[in-house]
Amino acid sequence: MKRNIKVERLNQRPLEQQEIELVERKGIGHPDSVADGLAESISRALCQEYLDRFGAVLHHNTDKTQIVAGRSKPAFGGGEVICPLYILLTGRATRVFKEEEIPVDTIAIKAARKLLVESLSNLDVNNHVILDAKIGMGSSDLRDVFGRKVPSANDTSFGVGYAPLSQTENIVYNTERELMNLKKSIPAIGEDIKVMGMRQGDEINLTIACALVDRYVANMKEYADTKREIVEHVIDFAKQFTSRRVFAQMNVADNIEEGSVYITVTGTSAEMGDDGAVGRGNRANGLITPNRPMSLEATCGKNPINHVGKIYNLLSIEAAKQIAAEVQGIEEVYIKILSQIGKPIDEPHIASVQIVPKEGVDIKSLQDGATEILDEWLGSIPKLQQMLFRGELSTY
Amino acid sequence: MKRNIKVERLNQRPLEQQEIELVERKGIGHPDSVADGLAESISRALCQEYLDRFGAVLHHNTDKTQIVAGRSKPAFGGGEVICPLYILLTGRATRVFKEEEIPVDTIAIKAARKLLVESLSNLDVNNHVILDAKIGMGSSDLRDVFGRKVPSANDTSFGVGYAPLSQTENIVYNTERELMNLKKSIPAIGEDIKVMGMRQGDEINLTIACALVDRYVANMKEYADTKREIVEHVIDFAKQFTSRRVFAQMNVADNIEEGSVYITVTGTSAEMGDDGAVGRGNRANGLITPNRPMSLEATCGKNPINHVGKIYNLLSIEAAKQIAAEVQGIEEVYIKILSQIGKPIDEPHIASVQIVPKEGVDIKSLQDGATEILDEWLGSIPKLQQMLFRGELSTY
Amino acid sequence: MKRNIKVERLNQRPLEQQEIELVERKGIGHPDSVADGLAESISRALCQEYLDRFGAVLHHNTDKTQIVAGRSKPAFGGGEVICPLYILLTGRATRVFKEEEIPVDTIAIKAARKLLVESLSNLDVNNHVILDAKIGMGSSDLRDVFGRKVPSANDTSFGVGYAPLSQTENIVYNTERELMNLKKSIPAIGEDIKVMGMRQGDEINLTIACALVDRYVANMKEYADTKREIVEHVIDFAKQFTSRRVFAQMNVADNIEEGSVYITVTGTSAEMGDDGAVGRGNRANGLITPNRPMSLEATCGKNPINHVGKIYNLLSIEAAKQIAAEVQGIEEVYIKILSQIGKPIDEPHIASVQIVPKEGVDIKSLQDGATEILDEWLGSIPKLQQMLFRGELSTY
Amino acid sequence: MKRNIKVERLNQRPLEQQEIELVERKGIGHPDSVADGLAESISRALCQEYLDRFGAVLHHNTDKTQIVAGRSKPAFGGGEVICPLYILLTGRATRVFKEEEIPVDTIAIKAARKLLVESLSNLDVNNHVILDAKIGMGSSDLRDVFGRKVPSANDTSFGVGYAPLSQTENIVYNTERELMNLKKSIPAIGEDIKVMGMRQGDEINLTIACALVDRYVANMKEYADTKREIVEHVIDFAKQFTSRRVFAQMNVADNIEEGSVYITVTGTSAEMGDDGAVGRGNRANGLITPNRPMSLEATCGKNPINHVGKIYNLLSIEAAKQIAAEVQGIEEVYIKILSQIGKPIDEPHIASVQIVPKEGVDIKSLQDGATEILDEWLGSIPKLQQMLFRGELSTY
């Protein structure tokens, strides 16, 4: 079998040299990210349960969690949640296999509670959340599950990936990660963070929204001080990724005179008016990048066995990273992989590699290396699946 | 006020000349599109109600509808729906204004029923759907609503648009539209269609998934005949958009020998296992285009007054179309507009226009024309809003 | 087999001769009655479906419907429903039998819609109701269903019945029925009626609550006129049942001066604040009678095959009626039948008949007749079931 | 003001001397009792919150909780819950008062979790329950709340009570209570108990259903032993209440040969197929007594301020107890109190006292004492309310 891999030169100016660049990351406590996290954690828990019981992962897709915002009344020193968040876990999963019933809903709820505790440290999961589940019946065919064959693609769809990250992308991604570290010393930092990066030539502007947690902020002065401290930290932190000038602002809609600032009881805006849904936030690489090709397939919650919308996105990213790192002479590499429903997942309809070579580099000199790496990855989907089971691949 | 509009040359090979191109469109009966349609129709109904009662559109966002799939048993000649679809309408809307209560849920349900009837002609809305609503309270500030001022951006986010469509894009988009026409003579065509277009050099491959409606298909032979007829029609139809070779396949996972084919009772896969959610399908221009910049903001269901995620996406598309049509010498034009929360929506943080000029054309000769058109559109947001109220802008 | 039937003299003054008597009836549009009606109509529809498909009624119990009230703004001439009623249909039913799936939810929803239309003529079922269903899986054992044996009691519980009705009971019951007739000429009469009858010696006081329908009442004067007309009609109507003095009042909490009267958009208080549940309203004979023995088993929605809570209540009533009618010398007869789980339903643990004989009548002269009739009924449970399938027995 | 209290002789044989008597009690873990408990605990928590915030109890009624059964797979030594129970808390409550928002849903959920933990010690509230809330808006009128006036009856309805308990009633009630004690030494006893007592002449038969908890029962032999131990304990225990012969059976539907016995994971049948609802189980005195007058008003969850369905039931029971205890010469006393909507709750439409005097006692000698005690209670409704706030009155 020879895979349909096409490597082509992409004749465009590398993003780093373009005038304008937009990059966004939603933090792990953003309502859309929480929905993503729930979907993925439920899928992982189901994988583990299926493996434990049957030695194989059965059919499931839990990629449609919906968070309906609550209602709260934050106040310096500590406010209250008036109406709990309503979270609907949906999707489908194999409920019966070899005449054994699998407690799908119980597993889903357990996994969801765990994720909520991890992602939203100030949320009282017992009393501030209504956790509902409507998980339908999926079915798994015995032959498919225990056959030796490579699974067939569940759908005709595609995944995309690219490498390396630009400076702005690195900054945006890592700023959110850093704030989660900083939270240890500044507990007022809530997990609901949005970092919007806009590079205009050699100026990088970061607009950060961060839900501060009311019980850790005594008054308006502390609020303003905390904000200043965070902004200064971020600007300083960003310097390791760029020599460009970095500016940052936080919670720009605040009106301190009128007493209108961004505080929350729980650290997430889902407590008051902001709904969340799977697949509406970060792409599988943790970023939203309108200057880059993106897939609209939600990665989170999909089964890692035959759902190409998940597998091809993650595989494209990993392969692109490796190509960019190991094949010399590459400025940027973009991968798109298209499946055809019913065909083996390791034989995509087409796998397109587009490369922006470094100046003076001939695309021909790069084709073999790139092809080989991607081919290797396509042949190693089970390895990728193992990484997913073990939680080694982040998906949002 | 001078708007921050930057026009830059995009130094890349036009998509039409690249080797590989992927394009997808989900038809109006695809679960994700139905969710989009519901979200948008509810927003429109609310806009109309608010305008009728108060002369102004009040705050709302209804962009989080969730469709949980049902369970069905299709059969040639007519099967049955075992478990109804569950549809959860969520979001928030102003429920009380000037001490008057607005029947938000009743309006939402009425609009949702209407959309379902229009989008899924074979669905029995009375008995095959559980229509639930959890729409929270939004609030509208009297000064904001009736002030003379331009509304402020609700968030820091961006919209993107481009023009013109490529051949493949045109084919993919119009194929689905054409099948909705063809439905008049072939009633077995369900509204749940997915057209995946893959262009490799000068070959365009269309992979069509189309849920046939069981009551209009007597047996396996009729099924095969209908499929053949549709595929032939599509190939013929596509010729008006390209001189490239066009191939098409439909329902490729069918196994006619084993009797496993894609028929449905209602014309949508949501009847059996396929969930749907807002913002997971087509972008505002009706396509999914990984080779193009895309926004992840769901356009459907957002309020058209201050939600930049909606306004900037639609505005970028319209402006790009006009620039491509009226400014001579343009191969491709890409627009990205970034807001900053709290700032007037007609004064974006940045509006970036990237142009791939026709060969030999100097970007300088295009800048004034492009700037002027985009500036004009940014100054005409109320006009765009009117188009939305009147249903003149399609959003998915 | 000799059934354990005990006939005993009840040494008490007949209710008609006691000083005080309380009787209540909730009309068919009262939220609790609507819940009862939904439960029963779903059970009937399932029975019919099971009979059509398999020739036998399979296991089900749908006796737990819950109505969560909506929110409305009635107004003379026609108001509006602000938030729809939420109705949750629950219970369990056999979903798969002989490898055939039964569309339980679809059947339930269809039956529920029909009942709502019949019971609440002014309710817009499409837009004023959210109809949800969470019907669990029941299971039916092949041997039980098609065995020749009498079914076994599903539980240890009892049913009660008595006859004849007192004057006050007759008046209360028939007043509500008559208002449903009167509705043809006075369309403002809503189906949500509550008739409370209190007899003190020889005075019977009726307190009627009746939700008038706003669109048929132009103004306060019409409201007052309609009320007067209804009250006069009721007093006149009641005379056929008694020679005692009858008084009646309607909507006594009205405050016409302050403009606070009992009008509704839909004819039921469930539109605004009054929830409803199965088994909380009328007993199986259509009345609530604290002066009489009552069972707390909800009759509505239970399966008529082996649920003694349903069968024994209905059977007791029918047998009591027949005994009172056919055995000479009886003032009052009370029947209580107790099952034991797992025993054949036609062999109750005990069937107790208590008789208040007419003056001078010896209980011994009544025992054989009463025993025979009750024994006959216990042997004719299949006949009773047929009456239920055909809708000939009212249950609330 | 002279209250309309009528004391009349009830000319009937005391229940203790009648041939047949039926009595039932559902234990605190029975699905209907759990629903009752939830409803009442939420009302209590709201009362406390309203008192703390405003010094007065605001309008609410939370008497419509619905429990939809889950699905489980019990097994000796410990099985698992497959699908969690779904619990819907409904009703209405004042959400805003004096411009302050009260976190009604959060309070309800917190109270519900606490009740579940207390009532079902083997239920994993975090993972085996979906706790949903749809609590509507109630409204409280400032004048009503802080006026000096006695509250007006919310409805035209009645309460009933009687005293003393018969031997069988005492046995049935206390058997369940005793099993909750015995649970300390026999942890396999689940809280879902149903005790059905049937007295036929001088034989009292107890039929006990008790959900044993699987993790505390190693095998069938232990099951049988445990059952035997419980039955023996109960028979012995009952002797303190009667000199009649007492028989007892437990879990009579067990078929030990076929391995079909009554074990559960959580101690309640709600884990598998048995739904529960408020007001469907015990009356306010903790019993179901078809030989006694009963009210169908659910006592649990109703507001203790003006809901006569709650107040009059509890007051009738307390007054009857006191009359039976303090007025000499009484065999049985029955009280029925009827309100009229809008009238002060301490001035019922009628309060009827029916007394079965001891042999040879003239009713006239009892009338003053009975009237005085009931009049005193009607004048002491605030005292009764205080007892409810403090949880001193059991309601199911």
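In this document, chain identifiers A, B, C and D correspond to the written order of the chains, with residue numbering beginning at 1 in each.
We take it that a contact is a pair of C-beta atoms (placed from the backbone, for glycine too) under 8 Å apart; a residue touches a chain by one contact, two chains touch by 3 or more.
This is a predicted model, so every value here is computed, not measured.
Common neighbours of chain A and chain D, by the contact definition above: there are none.
In this entry, chain A maps onto chain B through a rotation of 180 degrees when their C-alpha atoms are superposed, rounded to the nearest 5. Averaged C-alpha coordinates give centres for chain C and chain D that are 23 Å from one another.
Rounded to whole angstrom, the centroid-to-centroid distance between chain A and chain C, based on C-alpha atoms, equals 56 Å.
Mean C-alpha positions place chain B and chain C at a centre distance of 51 Å.
Looking at chain B, one finds that residues 71, 86 touch two or more other chains. Taken together, the touching pairs link the chains into one ring where each has two partners.
Chain pairs that touch, as defined above: A-B, A-D, B-C, C-D.
The residues of chain D lying in touch with chain C in their complex are 6, 8, 10-13, 18-20, 22, 24, 63-64, 66, 68-69, 71, 86, 88, 90-92, 134, 136-138, 156-158, 160, 194, 196, 198, 200, 205, 207, 209, 252-253, 273, 275-281, 283, 288, 290-296, 298, 336, 338, 340-342, 349-350, 352, 354. Of all residues in chain C, those touching chain B in their complex are 71, 73, 80-84, 86, 101-106, 109-110, 113, 126-128, 130-133.
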